[in-house]
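Next come two complexes built around subunit A: one with subunit B, the other with subunit C.
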Partner chain A sequence: MNVLSRLQDIDRRWLYLALALSCLVPFLVTIRLPVYVSPETRSLYEAIDRCPKDKVILVDSAWDAGSLGENWGQVEVVFDHMLRKGIKFIVISLDITPLGPQFADKVISKLVKTKYPYRKYGVDWVNLGFTKGDWQAMQQIAKDIRRQFKRDSRGWSLDDAKHLPLMQRVHNIDDIYMIYSVTYSPMENWIPFVHGVYGTPIGFGCAGIQSTTYYRYILSKQLVGMLVGVRGAAEYDALLYPNVRERQSLGTQLIVPQAFGHTAIIVAVILGNVGYFAARKGERKVGTRR
Partner chain B sequence: MATRRRLIAAVTFLAGLYYFLEFIVPPIIPWRTVQGEVVKVSSKAIVVRRTDGQIVSVPIRDNIIAYRKRPTGAPERVEPKSLHPGDQVSIGPTTYLSDWITDVNNFFVVLGAMAWGMGLMSLWMVHSANIRKRKEEWYGSVLFFVAVAIGVVAGLGYGAESGVLKRLNDVVVNDVLRPMGSTVFSLLAFYMASAAYRSFRLKSREAILMMGSAFIVMLGQIPIGLWLTHRLPEPLWLPVMSQWILYIANSAAVRGMWFGMMLGAIAVGLRFWLSLERGAFFGKEL
Partner chain C sequence: MEHAANWQIWLAAIVTLGIYSYLWNDNKLYRMLLNVMIGLGVGYSFIVIWKNVLGPLWWQPMCRGFSAIAHGFAPGSVNALWILVGFLGTLWYFQFSRRYLWLSRIVIGMTLGAGAGMTFKQQFLLNAPQITDSFRPLVARADGTPLLNGSTAPVSFWMSLNNIIFVGTIVCVMVYFLFSFEHKSAPIRGAAKAGRWLLMISFGAFFGNTVMTRMAVFLERLQFLANDWGPIVPYWVWVAICAGLISAVWLALRKPPRKHTQQNQL
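Take a look at the complex of A and B:
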């Protein structure tokens, strides 16, 4: 067995170490790489930017710790955009995880504390909390949001004008400009049950590995845009902050480690194939000698 | 036992039948629907100019419903008395099916929520049996009950402005669940790297095609792809080639796959609706 053929039998612990180091190095050394903004990210950005002042955006933030690496950045950049422009929004968490509202709260409170201290809960945004129901809940929300949510996540009635002035002008789908659903794998039922019936634009934020099933909706214009994994969050951040030094979202922080991690996997696959072909060549030579 | 199976089958059929009929039957009786533009609204009748020019007066009764066309083209149900001259409407006696949709939906939302409770009950039964019979690693079951109790108490702190419960909630969610959940999912990256290294071999033409597109898409997702190819003409940039693969080739393949899967889902759905499935609840077809 020659040296090259041993490349296909590298102990997996060396691979784990190489992957860990390649993801760790960008956290220790500042490396900046250019970001290419994809069409689906740009169209989502432009759709949110066009939101009229008298409408709100409904954000279905149904993710938790498992997909935090990808979804945190996706909601962070969109919340940043809406808080900056004064676009009012309502956060819900539909069906998938009851921890969704808390993680959304964490992202918003961090943004409000660091960048937008003048934005107020109840005036600029409301978190209605978790609900179950899939497409049934989507229909209820579209017809009358108070059929599905009686109170917000803090316990105040939706008709409480003192604590929730924003909700006094939000009743049904007519008051909602757009729906942005962020989770590991957003529910496609938003498309037939809301976009199909009322024409409301829908945008998704999803894990990279799940995105391949949603590209067809963008082609058919049933989805107005999509943020794909960490890349989508970094691209949206690049649109929000053209100056790279101003970008602080989790997507921008993680895109370089992800780049190095992908590169490490590609190098590992190439090495494995080099070893495979070297071993095959060696076997053929042995076969010829015999 | 046979009676229970028949009861389950009957309820399943009726539930599916309601949703099927609610979907295909219009909300207004078709042969008594009046479509057109509202001319006049009074407390006793709505006067509509039909699409053929004829003027029709529809008396307002309890069973009369109206659907107004939104600017987007989608219909919205409105009270007949809230119509205005100039509105495009469909008005007539209701078929009642759509009137019940909210209550039926609420019922299924509650049913779905009960499934969570059933899951908890099932776990309770399994783990309490482990402790009672002192099965292997029964202390894990004790930890399960302790974790459930802590989770329930911590959950009471969500939404609170301050206090012990809020602090406990923050600790459990931010300092325990968040890092543990992230850690478990992060392990996938190492497994995938190892699996890709061991299994991706260029043994055939199809494997070469798959590997090539995988490399293009993986490099197109990260800035390194743009950095490697930005000096080439734009159509040859890795991100641009990656976009073509995802939008065109991938979309075509996924559409074909989903078309087949949905046809299968319709067939399976029909079998469940008509209780033709054999399985945990059915020893034989009814």
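Take a look at the complex of A and C:
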């Protein structure tokens, strides 16, 4: 067995170590790489930017620690956009994880504390908490949001005008400009049961692994836009803050280590293939001698 | 982690490293942490579902309904009928009884009926626009319209090429999945072969995205370890970690990981 053929027998733990070290470098040294904005990210940004003043955006933030790496950045940049522009929004967490509302609160409270201390809960945004029901819940929300949610995540009644003035002008789908669903794998049922029936624009923020199945909805204009993994979050951040030094979202923080990690994987794939072909060539030579 | 106390960061770091210890080999710490995570998730979900869904949408209206009945059929008594929903729900549990299994079939039938109706609507509204969108002009103008529709927009080479690739891919992949007859003629065989290659490319895109997602999950944890946990770790812990890593590497060089043989799997 020659040296090259041994490349396909590298202990997987060496690869893990090489990957961890290559990803660690950008956390220790500041490295910036250019970000190119994809059409699906730009169209989502433009759709949210067009939200009329008298309407709200419904954010289905149904993710937790399992997909935090991708989904945190995806809601962070959109919340940042809406808080900056004064677009009112309602957060819900439908079906997937009961931890969704807490994670959304964490993202919003961080933004409010660091950038928008003048934005107030109940006036600029409301968190209605977790609910279940898939397509039935979607239809209930579209017809009358109070039939699905009696109280918000803090326990205030939706009819409490003192604590939730925003909810006094939100009753059904007519008051909702668009729906932005962020989770590992957003529920496709938003498309037939809300967009298909009422024409409300839908945007998705999904894990990269799921994006391939959703691109077809962008082509057919059933989705208005989509943020794909960390890349989508970093691209949206680039649209929000053209100056690279102002970008602080998790997406931007993770995109450079991700590029390093991908490079390490590509190198490992090339080495593995070199080892494979070297081993095959060696076997042929042995066969010829025999 | 915003405003997290040091002990919380330490706990999160230990759990993270404990879970990642699986990369070295399966071990008891990993299994214990996995069971703790599952237990926490299930327990928390049960409470939240009761508090946010079953309580306000079923239990409380039903109780108000019975209360109204007790007050001489006051308005809202009809809400007591929610008890029927609870009754239907409990029928599912007759799955565990051989004698009364037939009771569970009532509610299974109702669920299947509702599901079939919903799926018909869902599939129609989901896929009809997809089919409509697949009809594209092969020579397209810049505004996306066909050549012969009276538009004044110039012909777009890139849009036309895009549409040709799109329609060509659909046709080739559909030909590949035509199994009702043998692919004898050269055009059919060529289209089926092209369809197979195009499918391979899409699977490659799937795999690339899979790597991207797994990497993002890992990077978030790495960032936590480097930025949140790293600064509060005393130097002697770092020394111990480095010593552990060096000895682990040394062990790896001496003893290769146990391979999963077919016998082991059995």
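The rule is short, and it goes like this: the second predicted complex is superposed on the first by the 290 of 290 C-alpha atoms of A that agree within 3 Å, B and C clash if a C-alpha of one lies under 4 Å from a C-alpha of the other, contacts with A are read in each partner's own complex, and residues count from 1 in each chain.
To be clear about the criterion, a contact is a pair of C-beta atoms (placed from the backbone, for glycine too) under 8 Å apart; a residue touches a chain by one contact, two chains touch by 3 or more.
In this text the structure is predicted, and so the values were computed from the model without any measurement.
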Fit or clash between subunit C and subunit B when superposed on subunit A: clash
Look at A:Ser185 in the shared chain and tell me whether it touches subunit B only, subunit C only, both, or neither; answer first, second, both or neither. neither
So in the superposed three-chain picture, is A:Leu28 touching just subunit B, just subunit C, both, or none of them (first/second/both/neither)? second
May I ask you to decide whether A:Thr252 touches subunit B, subunit C, both, or neither, giving the answer as first, second, both or neither? neither
Tell me which partner A:Trp14 touches in the superposition: subunit B (first), subunit C (second), both or neither. second
Now for A:Thr41: first (subunit B), second (subunit C), both, or neither, which partner does it touch? neither
Under the stated touch criterion, which partner chain does A:Ser5 make contact with: subunit B (first), subunit C (second), both, or neither? neither
Which of subunit B and subunit C A:Gln222 touches, first, second, both or neither: second
With the two complexes superposed on chain A, say which partner A:Val197 touches: subunit B (first), subunit C (second), both, or neither. both
Is A:Gln74 touching anything from subunit B or subunit C once the two structures are fitted on A? First, second, both or neither. neither
Candidates 110-118, 146-154 or 182-190 checked on subunit C; the stretch that hits subunit B is 110-118
Across the two complexes, find the residues of subunit A that touch subunit B and also touch subunit C. 12, 16, 20, 23, 66-69, 99, 106, 129, 131-133, 197, 208, 211-212, 216, 219, 228-229, 231, 258, 261-262, 265
Help me check something: in the complex, which residues belonging to subunit B touch subunit A? 70, 72-74, 76, 101-102, 105-106, 108-109, 112-113, 158-159, 161, 169, 173-174, 177-182, 184-186, 189-190, 192-194, 196-198, 200-202, 211, 215, 218-219, 221-227, 230, 237, 239, 243, 246-247, 250-251, 254-255, 258
Which positions of subunit A touch subunit B when the two form their complex? 10, 12, 15-16, 19-20, 23, 33-36, 38-39, 64-69, 99, 101-102, 106, 129, 131-134, 136-137, 139-140, 143, 147, 153-155, 174, 197-199, 208, 211-213, 215-216, 218-219, 228-229, 231, 255-256, 258-259, 261-266, 268-269, 271-273, 276-277
For the complex, which residues does subunit A have touching subunit C? 11-14, 16-17, 20, 23-24, 27-28, 66-70, 72, 98-99, 106, 109-110, 129-133, 135, 148, 150-151, 188-189, 191-193, 196-197, 207-212, 216, 219-222, 228-231, 250, 253-254, 257-258, 261-262, 265
Touching subunit A in the complex: which residues of subunit C? 2, 23-24, 44-45, 48-49, 52-53, 56-57, 118, 121-126, 129-130, 132-133, 166, 202, 205-206, 209-223, 226-227, 245, 248-249, 252, 256-257
